[in-house]
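Letters A, B, C, D and E name the chains as they come in the text, with residue numbers starting at 1 for each one.
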Amino acid sequence: MLAADLSYSWSQALADLGQIAPIATLTGFFLFAIVTDLVLPKQRRGNAVAMVAVAGYAYSLGTAVYRWRFAQGGYAYHQFATGDNFALFFEVLFGTLGILTVAVSHPYLRRRGMLESEFHILIMAAVIGMMVLGAATSLVTVFLGLELLSIALYIACGFVRTESRSQEAATKYLLIGGFASAFVLYGMALVYGGAGTTVIPVIASRLGSSASGNPLILLGIVLMGVGFAFKVSAAPFHMWTPDVYQGAPIPVTAFMSVGTKAAAFAMIIRVFAGGLPHLAPEWQALLAFVAATSMVVGNLMAITQTSLKRLLAYSGIAQAGYILIGVIAGGPTGLAAVLYYLFTYMFVNFGAFAVITMLAAPDGDRDSFKDLEGLGRRSPLMAILMTVFMLSLAGFPPSVGFFGKLFVFTAGVSAGYTWLVVLALVMSVVSVFYYVRVLIPVWSASTRTDRVSAPFSSLAAIALSGVASLALGIYPTTLLVVSQLGANPITGP
Amino acid sequence: MALVVFFVAAALALAGAVGVVAFREPIRSVLSLVVVMLGLSVLFLLLSAQFVFVVQIIVYAGAVMVLFLFVIALMGPAREMARTKLRFQAWLSALFVVVLAGLIWAMLQGVQYRQPDKTDLSIFGTVQSIGVGLFTTYLYPFELTSILLLVAAIGAIYLSRKTIDDL
Amino acid sequence: MSNQTLALLVLLFPAAGAILLVGRGWRLPRIVTVIVGPGVVWASFVITLALFFGKVSGDFTYWTWIKSGTFEVPFNLLVDNLSIFMCLVITSVGGLIVTYSVGYMEHEDDPSYARFFTYMDVFIFSMLLLVLAGNFVFLIVGWALVGLSSYLLIGFWYQRRSAVLAARKAFVMNVIGDVGMILGTFVLFVMFHSVTFATVFREITNPNYCTPAAICALPLRIVTDGPGIELAAFLLLVGAIAKSAQLPLHTWLPDAMEGPTPVSALIHAATMVTAGVYLIGRMHPIYDIAVYAHGAVAIIGAVTALFAATIAIVQTDIKRVLAYSTMSQIGYMFLAVGIGAYSAGFFHLLAHAFFKALLFMAAGNVIHAMHDEQDMRKFGGLWRQLRLTSVSFLVGSLALVGVIPLVGYFSKEQILGAAFSKPDDPLALGVWVIGAVTALITGFYTGRMWWISFAGKPSPERPVEHPHEARPVMLVPVLILAALAMVGGFIQTRALGIGPSAVSDFLSSAVGPVRWEGGAEDVVVGLATMALATLLFLAAYRVYVQRTWKPWSTALPWAQRLLERKYYFDEIYNAAFVRPMDAVANFGLRDFEEPILDGVVVNPGAAVTAGASSLSLTQSGYFRNYVLVFVGGAVVATVIILVRASS
Amino acid sequence: MSTLDIGGSQIDTSWFLLLGAVLFTIGTIGVLVRRNPLVILISIELMLNAVNLTLITFSRQLQNIEGQLFALMVMTVAAAEAVVGLAILVDIFRVRDVEDVDELSEMKG
Amino acid sequence: MTLTVIWLLPLIGAALIAFMPPRFAKWFGVVVAVAALAVAAGVAFFFEPGYRGYQFTEVVPWIPQLRIFYRLGVDGISLWLIVLNAFLTVIALLATPITTRHVNRFVALMLAMSAGLAGLFMAVDLVLFYVFWEAMLIPAYFLLWIFGEGDRPARAAIKFVLYTLAGSLMMLVGVIAEYVVTGKQTFDIATLATLPPAPAVQFGLFFVFALAFAIKTPLFPFHGWLPDAYMAAPTPMLVTFAGVMGKSGAYGFLRIAVPLFPEPVGWWDWRWVIPVLAVGAIIWGALMAIAARDMKLLVSYSSVSHMGFIVLGIFSFNVQGQQGALLQIVNHGVIIAALFLIVAWISDRVGTRDRSAMAGLALRMPIMAGVFFVVVLAALGLPGLNSFVGEFMTLLGAWQRAPVLALFGGIGIVLAPVYMLRLFQGIMQSAPAGPVPRSDIYAGQLVLLAPLVVLMFAIGLDPNVMTNLMLSVALPGPIR
């Protein structure tokens, strides 16, 4: 029997590796980056590592796209990982995010005189973690991906070692993150006990709807759900978000505000929608509660904020609530809507943070409302882009924000969760108030005249985000098709 | 016989756990965690997880806890003061935890266990079987853990540098 | 030239005149204004004569103004004897008055001069449109346009605040009337699905839905759709009384005297204010069925007649006396049409147009001579200086009193006779009594007016010592009208029970024959009334000139005050409508809009913000609080799952 | 209801599970009430150990090796987490002497 | 393709102008607007009066997954709003003072707003309609806020936006629900009009839609944003803001709420609630106008009153009422534009907007007085001018629905001369007092007003031209 287990053919190995090709390639570049960092002289390190990082992201992005177009997605490593469209979709998303992050963070680190190389390496590790999460089809891999991503981000949050805020953020994030992952883990253990395996598809096939009587599974859902909700920073497990976002250096905030969310949603969809379809009523009830609280809490708390980082943190909490509606609704439309929302939300939210990044000074971030004053004159392009991002977050057509909401809410109403949708819309009236509040300093007359220095790479990244958050809204069809294909593996075509 | 062992070990673990929370000095908490681990390792043995038992003692109780001890030594014996700014914290936490524990307890009562898949327990949990599992089915997770550790190492190095300039 | 174009020309001339004079008209030499202004009126007079002698009648449709579903409004002119009669009155008297005003307004500077004639022509056009309109909508159009021109002319001297206010008052009151007519039109449209007179009246008189004709006898019609028609009749009546300054919508007319005197003569005496009478006459098929509304017309007319006459007793402003007498005379006309004596009413309309225009223009001469002084107590003894004016004024006054053989006698006595000659009809009898009393009062106040102004010695505070007689252009029209007032009566002498009845015969085709089966006793009663009225006229001489008799007012001062304050109507209306409206409006703007409506938005906003800030206290920054909330959330989640699973 | 035959003596599976639950709860309490970040970290380790116990119990009950492998992974992760956590704490201690996590409350609201 | 041009052209123009040197901006903007007007006029010219259905339709699959189409089309209802919008945009841009700060941004935003409005009136797909409905808020917000007058334009702007959103986001629920409950899974208005949901459902859906439209119109209790917004809005913006965007609510009622939900009957009957509110708006607006001393405020409230007539006509559910309402939409657009322009010109000649602070201006500015008087007469519904026809027909419709509605509407007609004449006479007539106006109306301004005044007479004298084209209505309803 052992012999049988040990047989692992070369072709099999290639096939397996192929399925996780984007992850593998990125990991390769990750190791190469470490080596570069070690061998090159200090002053040349930063750029070199940045190059490597961008190359890695681009390569794995390319691989993912290639596999999407030409390769047959399937399970690998005894169904511990997969290369299906869902995984590829998220790999593309994270690859793009990685490139954007490097483009924005590199000048920032330069200005603040920090070591670029380690930063990029950590972000790469986090991206790998996210990709693993996207491709994971086993509770074990899910957990490992989660931890990989988290640990990288713990360090990244504390990256500005001279700032007490940064350290505080790192500590809070680490402690509460560990606490949450203990919950997730316990849940996984119980589910494993109930299903006798950690492989998600097998769990799905083993657990019938009768399992809703099994305490192990139910408790597992609760504990995992709690942990997942923590990761998507949904209320009432959101409390860490504003502090961590505020303390972390802005590029990290920008990165995690969209990356972690997307990865966590991928995880939720995999485990719940993919692994426990027969217990949908239970986890839907749980998520509905979480979604409702997040929308209310997030939008209300955002009103009184004076720090853009915190404001965007709370807005992120609210947005998580909206997206959860799509997850709850489920089905091809619901999940497609979620994927669409996540992909566009990446551009919008990242762009917003990126604009704030441009304001940063050598001695620290500048993220208060008054730092935006006169942006309309200091950098008209930035001002226009910021306007686009805010309006998109507020959900004004024709920006992507509106269509994301439209799709998600349509799915929600179709699935009979009208009360959630109504709540969401009522709260988004509130949200408009604070999103528009951000624009007031941007456009109102001010005496400040100091130009905002926008290096090319960052400018390109922000502009790309801006264009995307308009173009993908004016013509959302293609992306929506892709999202549907991406959701297929979960919902079945 | 095994029953006795179980109860002793369990009692040990519980005592240790209580100690972790109860002691004021961090160092004692660490030591009591070691106690917990030892107790658990015995239970692992009962559950025919010999390899895990070894790892638990050597790596966990050995290495990791020692690391903690080093850090505490580095920081000096910080005693936790009784005063706290947060009123109600203790009471509320007690309440919540009791409720949560109650819920968990209540749920674990009516557990329906799966039928065990038939494997011969003679080699169950031995180094051999663990190894096979680790390098066939768990190959992918195993590799992932390596990256994880690498990242942790990098992070630790970065964070524990004296200043930006060295290295 | 076809009758159709002819009928249209009647309208087009004044319109063209107005358009020519409006805009930059005052850049033209004044002579152009002088020619065009009156000229166009005379032109349409000529055309009206052509229609008259051509015995033209018909319903000419020109184009479809609007069509929406079954609601179709053609622009059509209804030319029948009634409209021709009205056109004759309007254009002839109008022509005279406009000519007269060439002299009267000569002191105005060129722009105002042109403006005045523009307005006058606009008025003539609107009035002609009113009487020629062949459907309710254009009736309303004309109705509102005469209201507009009346507004413009009352407020002609727009520097004068009093004139401005008077104008606004008149306009608003008239709009109330317009709304009444609009609603009345709605009623009829809903009933008959048409707004053209022809269709509506045909439907009413012999409805196609009630056959055989036997069932269509009046009583039954009243049962079938009486209520609807009654409603329509009452609503139209609102328009009529607003325009004709009958109770209770009369308060604007005295104030309207702020306008130039020719305006008062033309609009507020001869033509516009009689539109109400025309309306009732035109709508007689409706009122024949709507008995209650019809009765209301008579009662309102009678009451107004008496009411206005009493007020006229105490007025000192000569124009206001004339204004109240106008109200009173129109009251007679309402009385007449109210009891079904339509042609009698129209005959009185004609007569009144003659002698009241005469009176106003003569008064205008006096005012002109007195340099715009209107208080008759400051005249006195004008008999010597202004002989011709005084004579013609006397003629007018006697005609107003109704002294045989002046026109006033025949018209008024015909009305009273028509009322008196229905002893079996209590309503008719009642209004006859009121009418007779009014006739006597008329005699008294007219006498007072004439004696005070012209007889006796010159008043000490007379502004002008040696006034000059008016210029021919102002005198000739007066004399013409005086002549008409003298001989006009002989075209219809039915009040004497003998002789011609030209007006009634002419109008019989349009408003039916005058219901007049009076005998000798009516004639006697009429003559008696006339005699008494004349005596009162003379008595006024003793009271106000010789002062040998005490004025009645010393006997009852409270009545004096009551009359001087015009029965407190203005005060009541202010207290009842104007002030409450302003109060509500101000209250709303100050105490509702800002605090409450804004509050509806702001307070929730504030509440949300407050809630948010209190909520953000939970974000205490303490890690352990976060964990606490975390665990709490976990507990809630577990409960939810349990509930969901167990359900 | 299943029992494990260990060395001939029957032990009810749920005992192990309940022990795990209790340890997990105690760990939670530790995180909630202790203020020394280090001790909080230790409590988290305690929770992870509880999970390990659960995993291995199930692995034995199911006679399925996966649980033990999973437990090994968990140990690795726990070690990594501990390393990073300690690094961060040390980094802080270098700046200021924090023996109370409540002092890390600069950011709030 | 034609219709796309109508809304895309101004948008592209806006994009170009935004980055143009200010001195060309105005005239380039005018050129663009005139071009758009030309296209719109072409559409009106080739419009088939008899055809029952949408004309010039364009259907392009947009988001096929949700059966969302890019569907444009015009019928007898929307045609008028499109033309009105294009026309008033030209007027507004001509009225823009070249000296405005950032005039290029201003013109760009104006064009963007008019583009949004044009799209709104042509959209035949519910989602497309909604997209334009909200998209046009953005330029409106910035116009109000950045170019606004008064002390707190920002507050007025955000108030306007929040008010509108509170309604329109509820409408979004309705839009989605309509897609779900009808079971057909379509957003095509024409199709949806053929399958009304169960009355109970209609009750709810109608509510959410009606709320949005009522706020936009605004109906009586929902007009809280209007005074602030109109007071803050710069005059050229008001021409389209009050003249066209104010109508989008009424258009929504006529195009969406009424055809899609013929019998919204629940605990009570919406078909009665709305007209009652409309009457409330008529009377309340008139009263507020009577009390207002600020000329601009007075005109703003008069607009509330007039919009009441429009909604009243729509909810009379008969052809006269609805055609009258449509007429009135155009009439009011023309009149309110002229009123705001004149009031603004007077106040910047005199230096104050307080009507009680001036008197007897007619002496100094006779021509202004003359033009103003004509406009005032049109506003108070004098026969022969355009407004009379509309008000007459709306009231006729209301009377056929329920006489009491028309009765109270009549009160509005009686109050109109009160406030209008108080305004006109108060500032123009009686003995001169207060500040002396700098000059009479400029020739250019007169030329600007000329087309408006001409329209007032033209529509008043021959309204049939319009009602004829109105017969081609796409959706089932009384007009058809």
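As a convention for this text, contacts are C-beta pairs under 8 Å (C-beta built on N, C-alpha and C of every residue); 3 or more make two chains touch, one makes a residue touch a chain.
Just so it is clear, the model here is predicted, and its values are computed rather than measured.
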Number of hops, chain A to chain B, where each hop joins two touching chains: 1
Steps in the shortest chain-to-chain touch route ending at chain D and beginning at chain B: 1
Central chain of the complex, centres being mean CA coordinates: E
Most distant chain from chain C by Cα centroid: B
Inter-centroid spacing, chain C versus chain A (mean Cα positions, whole Å): 80
Chain A and chain E, separation of their C-alpha mean positions in angstrom: 44
Chain B-chain C separation of Cα centroids, rounded to whole Å: 103
Cα-centroid distance, chain C relative to chain D, in whole angstrom: 99
Shared-contact residues (touching 2 or more other chains) in chain E: 162
Shared-contact residues (touching 2 or more other chains) in chain D: 17, 24, 27-28, 31-33, 35, 41, 57, 61-62, 64, 66, 69, 73, 77, 80-81, 84, 87-89, 91, 101-102, 104-109
In chain B, residues with contacts to at least two other chains: 85-86, 89, 93, 96-97, 100, 103-104, 107-109, 111, 113-114, 117, 129, 133, 137-138, 141, 145, 148, 151-152, 155, 159
Pairs of chains, among all present, that meet the touch criterion: A-B, A-C, A-D, A-E, B-C, B-D, C-D, C-E
Chain E - residues contacting chain A, complex: 61-66, 127, 130-132, 134-135, 137-138, 141-142, 145-146, 154, 158, 161-162, 165-166, 169-170, 172-173, 176-177, 179-180
Partner chain B, residues of chain A touching it in the complex: 2, 5-6, 8, 16, 20, 27, 30, 34, 76-78, 80-81, 113-115, 118, 121-122, 125, 128, 132, 138, 140-141, 144-145, 147-148, 151-152, 154-155, 158-159, 161, 193-196, 213-216, 218-219
Contacting residues of chain C [partner chain E, same complex]: 64-69, 71, 111, 137, 140-141, 144-145, 148, 155, 158-161, 164, 167-168, 171-172, 175-176, 178-179, 182-183, 186-187, 189-190, 581-582, 584-586, 588-590, 593, 597-598, 600-601, 605
Chain C - residues contacting chain D, complex: 616, 619-624, 627-628, 631
Residue ranges of chain B touching chain C (in the complex, touch as defined): 85-86, 89, 92-93, 96-97, 99-100, 103, 107
